[in-house]
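Next up is a structure, given as structure tokens.
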Amino acid sequence: MMDYTMQELMVVAGSREIRDDDVVFVGMRLPLLAFQLAKDTHAPHAIGIFENGILRDVPAGDALYTMGDTPNIEGAIWTTSMMDIMSLLQNGRVSLGFIGGAEVDRFGNLNTTYIGGRENVRVRLPGSGGGSDIASLSKRLVIIMNHEKRRFLRRVSYITSPGFGNGGNWRQRVGLRGRGPCAVITNKGILRFDLHTKEMVLDSVHPGVTVEEILENTGWHLRLASNIQETKPPTKTELRIIRKYDPRGFWTQGKRTFR
Amino acid sequence: MEQKIYSMKEAVSQFIEDGDSVAMGTALEAAIPFAVGHEIIRQGKRDLTLIGPISDMLFDQLIGSGCVKKVVAAWVGNVIMGVGYNMRRAVEVGVPRKIEAEDYTNLTISLALYAGAMGIPFVPTKSLLGTGMMGGKQPFKEMECPYTKERLALVPPLKPDVAIVQVQRADEEGNTHFWGGSGVTKEAALAARKVIVVVEEVVEKKVIRNDPNRTIVPGFLVNAVVPEPWGAHPSPVQGYYNRDHEKYMSYHNESRDRDGYLKWLEKWVFGVKDRKEYLKLVGEEKTKSLLVKRHRKSIPVDFGF
Amino acid sequence: MEQKIYSMKEAVSQFIEDGDSVAMGTALEAAIPFAVGHEIIRQGKRDLTLIGPISDMLFDQLIGSGCVKKVVAAWVGNVIMGVGYNMRRAVEVGVPRKIEAEDYTNLTISLALYAGAMGIPFVPTKSLLGTGMMGGKQPFKEMECPYTKERLALVPPLKPDVAIVQVQRADEEGNTHFWGGSGVTKEAALAARKVIVVVEEVVEKKVIRNDPNRTIVPGFLVNAVVPEPWGAHPSPVQGYYNRDHEKYMSYHNESRDRDGYLKWLEKWVFGVKDRKEYLKLVGEEKTKSLLVKRHRKSIPVDFGF
Amino acid sequence: MMDYTMQELMVVAGSREIRDDDVVFVGMRLPLLAFQLAKDTHAPHAIGIFENGILRDVPAGDALYTMGDTPNIEGAIWTTSMMDIMSLLQNGRVSLGFIGGAEVDRFGNLNTTYIGGRENVRVRLPGSGGGSDIASLSKRLVIIMNHEKRRFLRRVSYITSPGFGNGGNWRQRVGLRGRGPCAVITNKGILRFDLHTKEMVLDSVHPGVTVEEILENTGWHLRLASNIQETKPPTKTELRIIRKYDPRGFWTQGKRTFR
């Protein structure tokens, strides 16, 4: 019996990507919970930075819905400008970034701006925010998003946040610094990237999900790692901590309410 | 000394003109100048260019009210809920009017405003390369670095006609204190032609002089100081009130279609004549629940000699 | 958590190597790290490149002691008295050794350190054009702006091996508070490979957390925190002690010729083994007279929720 | 009988260049006293900025020897970074700047770095500091320095702070923004610049000084204005104010002592 949600599993998988010496560009939603979970478990020394101008070394004292919430400033170590935070990123001081996306392609490029492309907009999404910068400049990058066929495309129609472009050494060719995405955590499994082709490869499958289900929900012929694992489920401690930081289940239980 | 204290009505009427470019929401999800935005809507300002890093609901409201010609931003939507439906309707089907979008990232809009503040015609960056934001009508160029030979994207300056600076406190001359994450607030103010400061409290000049490192904008750049308590609601102002999350959720649901948005607008903007009436509509029970309960006071430092 | 508290001796020995580029005096005439400089001289560090905006006496002392290969600065001398005689002797006649000088302005050294902090390979400027600082072995280039076609000077980044940050207080992890005019302190620290913070006081982390807008350098960039009261004397530290003007005048007179400088050096640097002995030499009467008498305390602000 | 020093007269002349709506890049020494004097007389609303990161609208509460002195920070309106202050300057927010120099030439170019030029250094001076930036970028510029033949040269051997280069429209040609120097205040007189040629012209002579004396102390054939005036001497009020801000006569009485 599964006593956790797929969002909780995604948080746990995200937190496992965080090392104790990481400087993490946190973002919001599931990545924020992943950071807080990591802080309370295996990465107590990790540092979290937020683009509105915040650096923290302890989780906030209350549930967060945005990075600008008052509890995220209370107890911070540094509150400053976006310029200072983004400078840390561009200067190579950020070891790990998290981003989400509406569409991703097999080379890890994300579209969060124009579904259909800029000249032929079908859906106007919010845009980059800091996502494109994080994808371009952080040393390691983890993508977190839902696994659906309409979101996992052979080729995105617009690149908001660059992954590996059209593969191979594209990043070097266009002049990007960061190493590009190292993992895509979805609600069905975890995908990583081939060292040479830079194409996405299925690496692990969440408990209760089949490889077939994942293939059906991917818009191209997804390659499989030679030894696909089952994703390790959350422990009781991990779930307790996640629920402490998301007490109303807003992010991880799909309960869109504050009451 | 020039008189700089204005009511919200006067300040918007006098310092924001049709066609102006206006930087707002410079501290991202906190201290969003909703009271300014609603007064802009009530006064029917037109053809504005909105400039901001991310925009949590406010840009969407101004777009849906037909005030906006162009959006220059890194993100436009509703942070906890996702898309902004007015932004979608304007870009996708031209309702209530077609708008242009110039798409930045948070780093590059910082750099653009900073270039504006520094008085230089561009700043190079290692972001943007390889993305859809290069090319087309976008303002960025590409060049080879004359030192390192690496590829660079160039970001030209943004110099808003008006910067709206929403803060905790200022004195009568516009010397302005802010605390919390400041986003691009200082950069926008230093880059802008006119500055409107909206404060929770007007304080004596002594309060500023006793902590000049807390100053984010010096008064000589400020045109108007508008005392407007709760002017940022439902966004938070550190030390004054917390975020009213529910309002973002209900707005998301209510603005899903055009009729729903117009109803929201009628109730929350046109249905009130100013911020005081708006706050009555919010209700005292709600505002009370948002007040600071867990205080954390800074420890004084000595500026003496 | 990594132990970061060091004695001055340990910090200089462990984090400053022969040949390093070292940013010092980043707050200009205030908070000059004289204690660090004197320990560098005592330990006989060699071939340093000094980086700083202006340098009020400290660079002159390091140059006269033979520690320096190159000076990258906007101004080197003694602010109230004028020239630095050791700088003159080194450049004009190679005593005690020939040094190179890269000549900046205050704006362009800010830009260079800021470019270093921002991780970009240059920043354009409208300063420097038409001056003797362009050309030769100087690091600046010229280009035509791709947007405006105007002439621009380009300033490449400075990324010091070490930045010395002299401040009022920090916690044990190097989270650092500063108040007053900060000059290029933050920029230098964000650009540097190693950071040494010298403090009047080590404080509890709570003091930092209660006022995170006062932070100028976050601890994760800091390698060493050195508690060294009066470490900036004879320069001032706001809220702790005032400037000892006489010391600058007497240094000027004593260092006029090489022998005079060597006598000064023998007395004030080699004649003492550390800052405590130096302060004894200064005398309690003098230090007492420099203490803050007219206090001006900042008014607390609330960071709570 | 002259009951003031030439330094005091220079301070007064400097203060008269300051308008009530000016944002003044103050510098130190005589210009600082000029700013403080102007604040207390005809320019109470003028604002002073200092490159270490200070903006003030009232004079400091004690005598200043450097801009970093603690009384210059106490009671300031804004203490910040040099970058912010220099940004105001480069962004055209500074209406008036003061600088000094060791050598000046007939087009108002200043050398404060290499006497003899960079390749053939006779004397190494301290360098630019903010001087070159102020000369390049402030809208109006006032130069204050001593009038000696070895300092007033036909052509400086090194330009630290640009005046009008070799005259005419040189500033536009090299790309400079500020309008260049509008006055040179010396211990003998006040010089201004010809509107077209941009060459220095003697405009007024201090009481007790002759035109001949000035010509003898100028290293080129100095042109004279058609109606040379006598510089208006300091008033008693002006002297009282100067002596309040320089109580030990360090800057204006040549008394190099703090006792």
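When the chains are written out, they are named A, B, C and D in that same order, and each has its own residue count from 1.
Here, contacts are C-beta pairs under 8 Å (C-beta built on N, C-alpha and C of every residue); 3 or more make two chains touch, one makes a residue touch a chain.
These numbers were taken from a predicted model, which means no experiment stands behind them.
Rounded to whole angstrom units, the spacing between the C-alpha centres of subunit A and subunit B is 27.
Look at where the CA atoms of subunit A average out and do the same for subunit C: the two points lie 40 Å apart.
Subunit D has its Cα centroid 57 Å from the Cα centroid of subunit A.
For subunit B, residues that reach two or more other chains under the stated contact definition are 119-120, 125-126, 150, 152, 179-180, 186, 209, 213, 236, 238, 242, 292, 294, 296, 303-305.
Multi-chain contact residues of subunit A (touching two or more other chains): 54, 61, 69-70, 73-75, 79-80, 83, 90, 137. Taken as a contact graph, the chains fit none of the simple arrangements: neither line, ring, star nor complete graph.
By the document's touch criterion, interfaces exist between A-B, A-C, B-C, B-D, C-D.
Residues of subunit D that touch subunit C in their complex: 28, 50-54, 61, 65-70, 73-75, 79-83, 86, 89-90, 111, 113-114, 117-118, 121-133, 136-137, 158-162, 165, 170-171, 174-177, 250, 256-258. Contacts from subunit A toward subunit C in the complex involve residues 23, 45, 47, 54-55, 61-62, 69-71, 73-80, 83-84, 87-88, 90-93, 137.
If you check the complex, the residues on subunit B that touch subunit C are 119-126, 141, 143, 145-148, 150, 152, 154, 156, 168, 177, 179-180, 207, 209-211, 213-214, 236, 238-240, 242, 292-305.
If you check the complex, the residues on subunit C that touch subunit A are 1, 116-120, 175, 186, 190-191, 208-209, 212-213, 215, 218-221, 303-305. The touching residues of subunit B, when paired with subunit A in their complex, are 27-31, 53-54, 56, 73-77, 79-80, 82-84, 87-88, 91-92, 101, 103-108, 110-111, 114, 125-133, 136, 150-152, 179-187, 235-236, 238, 242-243, 245-246, 249, 292, 294, 296.
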